[in-house]
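Quick notes on the structure that follows.
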Amino acid sequence: MIKVGIIGATGYAGGELVRILMGHKDAEIVWYGSRSYVDQKYADVYRNMFQIVDAKCMDDNMDELAEQVDVIFTATPQGLCASLINEEILSKTKIIDLSADFRLKDVKVYEEWYKIEHKAPQYIDEAVYGLCEINRDKVKDARIVANPGCYTTCSILTAYPLAKEGLIDMSTLIIDAKSGTSGAGRGAKLPNLYCEVNENIKAYGVATHRHTPEIEEQLGYAAGEKVVLNFTPHLVPMNRGILATEYAKLTKKVTYEEVKAIYDKYYADEKFVRVLEKDQCPETKWVEGSNYVDIGFKIDERTGRIIMMGAIDNLVKGAAGQAVQNMNLLFGLPESEGLELVPMFP
Amino acid sequence: MIKVGIIGATGYAGGELVRILMGHKDAEIVWYGSRSYVDQKYADVYRNMFQIVDAKCMDDNMDELAEQVDVIFTATPQGLCASLINEEILSKTKIIDLSADFRLKDVKVYEEWYKIEHKAPQYIDEAVYGLCEINRDKVKDARIVANPGCYTTCSILTAYPLAKEGLIDMSTLIIDAKSGTSGAGRGAKLPNLYCEVNENIKAYGVATHRHTPEIEEQLGYAAGEKVVLNFTPHLVPMNRGILATEYAKLTKKVTYEEVKAIYDKYYADEKFVRVLEKDQCPETKWVEGSNYVDIGFKIDERTGRIIMMGAIDNLVKGAAGQAVQNMNLLFGLPESEGLELVPMFP
Amino acid sequence: MIKVGIIGATGYAGGELVRILMGHKDAEIVWYGSRSYVDQKYADVYRNMFQIVDAKCMDDNMDELAEQVDVIFTATPQGLCASLINEEILSKTKIIDLSADFRLKDVKVYEEWYKIEHKAPQYIDEAVYGLCEINRDKVKDARIVANPGCYTTCSILTAYPLAKEGLIDMSTLIIDAKSGTSGAGRGAKLPNLYCEVNENIKAYGVATHRHTPEIEEQLGYAAGEKVVLNFTPHLVPMNRGILATEYAKLTKKVTYEEVKAIYDKYYADEKFVRVLEKDQCPETKWVEGSNYVDIGFKIDERTGRIIMMGAIDNLVKGAAGQAVQNMNLLFGLPESEGLELVPMFP
Amino acid sequence: MIKVGIIGATGYAGGELVRILMGHKDAEIVWYGSRSYVDQKYADVYRNMFQIVDAKCMDDNMDELAEQVDVIFTATPQGLCASLINEEILSKTKIIDLSADFRLKDVKVYEEWYKIEHKAPQYIDEAVYGLCEINRDKVKDARIVANPGCYTTCSILTAYPLAKEGLIDMSTLIIDAKSGTSGAGRGAKLPNLYCEVNENIKAYGVATHRHTPEIEEQLGYAAGEKVVLNFTPHLVPMNRGILATEYAKLTKKVTYEEVKAIYDKYYADEKFVRVLEKDQCPETKWVEGSNYVDIGFKIDERTGRIIMMGAIDNLVKGAAGQAVQNMNLLFGLPESEGLELVPMFP
């Protein structure tokens, strides 16, 4: 039985980790970390967990925590994970960081986009970017897994095969993404109030959103070239779900079947990636509560572009689900253990 | 492995049955019945099931079906189940009926409230009302289980202990219930369009809703007297969830602790009933996707009334979850098998 | 041209006052008071007002304000209005208070339910309860108008004719009310976050909500007896709207036509009260954005009760619209001036 | 007083026309046309109009209608308007067509994208495309006004000044649009059910949506070249609102101020176009219920692109509001008469 500690267990991603791990037969949460709710019962913070979780929230005493657990999930604001780890901690426990601290290989890019100083740059190199479908083998031996961002997971997986195969002109790639509101976190901020979000849609962080360099870096590896792209997130009045609509010029004339074959080459054996049938567009509702990425695409001969679309549940494949997938890889378990979550509809 | 057939697999309750049974280790769906979608792939009707369910929808050929399965769930409009069963069918398979056909013991009451003739009144007596927490023992040996209605499950369980113990004046009982829109089904009707339901709340079926006699009958058994009450359903702009707010005069002065003790007497050992802590009000979101009933109450000394509140997911405990709970009872399985569903939040 | 000052112009009720007064041909806002946003442009707080309102927010300097305006609307937390007024202020300007400070005639009841000391009890007697349909004549000469609460406006008007005519047993009256989330205000609090409210319904303030004594007092005047009742508010995932479902025993056997005649007696000439046709239930969407109260009812012969239902837009008839209606009365304008707002659907 | 007839008065756009015209002091609706609800009271179809509209719905007898009215609004499915008009009708009344019949100048393009034969191609040339801000002068003398589509109004106005001034490379223009569900109409179709739309977002009509050629034609006129672009609509869980996010390569290096100056050149005097301040992104909620178009933009120096964003209420500026604006132009009234609608928030 894997002993699990969560730092940031009372955010939405932390809560989803708890939900998923409740159904994982080889893992057990022994530390519900939450600075905001120390000593309060976890089930008083998330009442869905009444009579399911009896534990209280605890502060993030890393030394004690590292002694007790096999893996720590940090579902915390940027900068915190980097400030907590050191060689002794890493000698005792694995780290799966759901924040951005170890996602970008260039510390200057990190500091520029996140506007904070990185506290543990010495670990950036060894940290593995935990996008399981792409980095599966590297994750297995990692001490630190940088769990990808929600928008990035969706954006990258949607375009990856075509970037890898050189089928799209990377300089033309534009990603227009739409997210449910849980992505904004559980902080009590005016823009996240019900009446501000409901019956409303807006773009935000236009040309400046922090997930941009992460997408650029990973798709750059795939394409074998430096990638600079537009990424525009939008806030949608729904709890969960991300839809990424991606546009790029095709580098050559291709048929539906040819593109489908490329997607299948990379994803046919992937448990959690579903390439939809012809002319089907993914919908976030079809993956809600599950670890799936649904992908569809349409070739537009008029413009010479391909429109790729991907949908995930931002809290599952975009956060907690993928983190558990990484945990499974780290501990040699079947990759889908605890993740056989059937999407809930409606 | 229990072989399962579903008639009405493409309604919302049928879809939820499929979702739940996908995670049930001792049951297997072998017949996805749907008159509307015969020969179409089930996953084309519910695309969340893409790459999970490969089967096609089939018509409801009862003879063939009864040969193949151990249990048939009928998630169909009123009247259909009664028209399908006969002695031969019942000799081969169990029936769990999610419609109202076998819920009311008095066929005249059925015909009066449902405005249709009952096609199989000879089976009404033997059918067992499948409210597991109350009728567990009888369910085990039934051939026909009448799975309770969504509003009724919530309404009855919320008041049951106090009715049973004579703590409330049944002639004063008023149930004001609120339901998400999946309770209205998947029929393409104008009042169920997004723009008609969204940003709106209304009562409907005032003093005439068909779940009224079902609640009256069952609470009548509990109270040992004929019960006549007001039940008012409301349509709420959300997908899932029922909240019942129930008002009754207390028959004597009681303390919070005394009432709590009565609830605990009936529910402390119930896996799926959670009596909340003092001053907590149930919220439908806390039970979403799960088989729980959450119950809270408040004594109002000013008026001498008690306000009881219960919350369920109408598609789970109010339909498919309870149906699986009944299946488990019928086949001697642990009652919660396949139903260890942790509520999803947010 | 009436000069208007608003204290609390940046709350939701304050914002609605601004919206409505923009279309009022005899009133002009000259003071946008907001402690939270002093010196910021009003249109930066409510961007719907961009290029419509150019003014900045100002602090609540009462002396200066009273000099400049003919009427002050206080859309502020409880206690503030009472702390601001005095004889000099009242000699210069009218006060329409959207808070609860002057709604209850018994200061002890106020202090008990609101848990604060009343700072200006000497003005309670002269303040007029501004439920226009009932107190129209008294409002005309008032210095202080206590604008009714949102729940109370809806609850009282729905039952008023039957209470007045002795048709219902007041000791049996139960009000189950449902409100959109704007009623919770624009404060950045966790329970009002989008993800906490969306896809959820709950009761709150059960047996303790502060609008209870206000409803009891006003319906007590109507019935000519002390009234003690149950009032239960619920939070609904929508921006606007209140629906009150009210239950009471009829004091005698009556027909639909007789009850309709009583409603018509009181409301047939009321511009803003619409008594619906037989068997129609009010829906909040039908009054959205307007000053209407829609009322329906159903006699239940089985239980001897009548179910009365009323719907309003909580920010209009439940707050800003009624406040403008009171202003019109105070200044001898046509009562509906600026309030000819057609409900918006969908 | 202008006598108005509406054909299709019971669709959502028709309903909004009625709402707006109720507040128009120089127009009066004398014919509520609706094939689906002939002889039913209009207020029974849209109960928000109870006690506001007393008329019944009528069939579309064009001869009689043309005798009685000065202008006919056709808010009908594609093809109907073209089938109804002829020289005699046009000699008696003006036509403002909210369908697509007269929007495209090339009948082949119309028939190719709409898959129907055009019944009155002889009137295509004289019909004026009623995007008031651009074609104001031509509208004044028209007999037939082709009221623009909802997506197109938003998409065109957002990019128009930069297209006109040659600031963007039209071959790189991509429009990613998001719409509330009222755009899908009031037909009782499964995909528009509450539970299918709620908590969901999807693209649809990818590379094939019928508004594409309309946007291309109009922006082509502005740019002085043939334009071929990608337009992708998405369905958003909200009633009203369209947000268009548009991406294009800048043809030269420009500053924020330079671009702002270009927008101001075209829109500074436009009553209904609001160019937001620097770094502000439009939100559909800020224009809800009003005739405004809100526009924002961001220059991305990293990619050399500009991201333009526009927001409208699809039923107002995207349909009924613009139709009334066109009516005002046709009859020499102030362009904003009846359209001084302040956006409703929240």
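By letter and in written order, the chains are A, B, C and D; residue numbering begins at 1 in each of them.
As a convention for this text, a residue touches a chain if its C-beta (ideal position, glycine included) is under 8 Å from a C-beta of that chain, and two chains touch if they have at least 3 such contacts.
These are the chains along with the protein names UniProt gives them: A, B, C, D = N-acetyl-gamma-glutamyl-phosphate reductase.
No experiment lies behind these values; they were computed from the predicted model shown.
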item: Path length in steps (a step moves to a chain that is touched) from chain B to chain D; value: 1
item: Identity of the chain that, by mean CA position, is farthest from chain B; value: D
item: Distance between chain centroids, defined by C-alpha means - chain A, chain C (Å); value: 46
item: Length of the line joining the C-alpha centres of chain A and chain B, rounded to whole Å; value: 36
item: CA centroid of chain A to CA centroid of chain D, Å; value: 38
item: Residues of chain C engaged with two or more neighbouring chains; value: 12, 182, 195-196, 198-199, 237-240, 283, 285, 288, 346
item: Chain A to chain B touching residues, read off their complex; value: 12, 15, 19, 22-23, 46-52, 182, 199, 239-240, 274, 276, 280, 283, 285-290, 294, 340, 342-346
item: Contact set on chain D toward chain A in their complex; value: 172, 174, 176, 178, 180, 195-196, 198-204, 206-207, 228-230, 232, 234, 236-241, 243, 245, 247, 281-285, 288, 298-300, 302-303, 305, 307, 309, 311, 346
item: Touching residues on chain D, where the partner in the complex is chain B; value: 12, 181-182, 186, 188-190, 192-199, 237-239
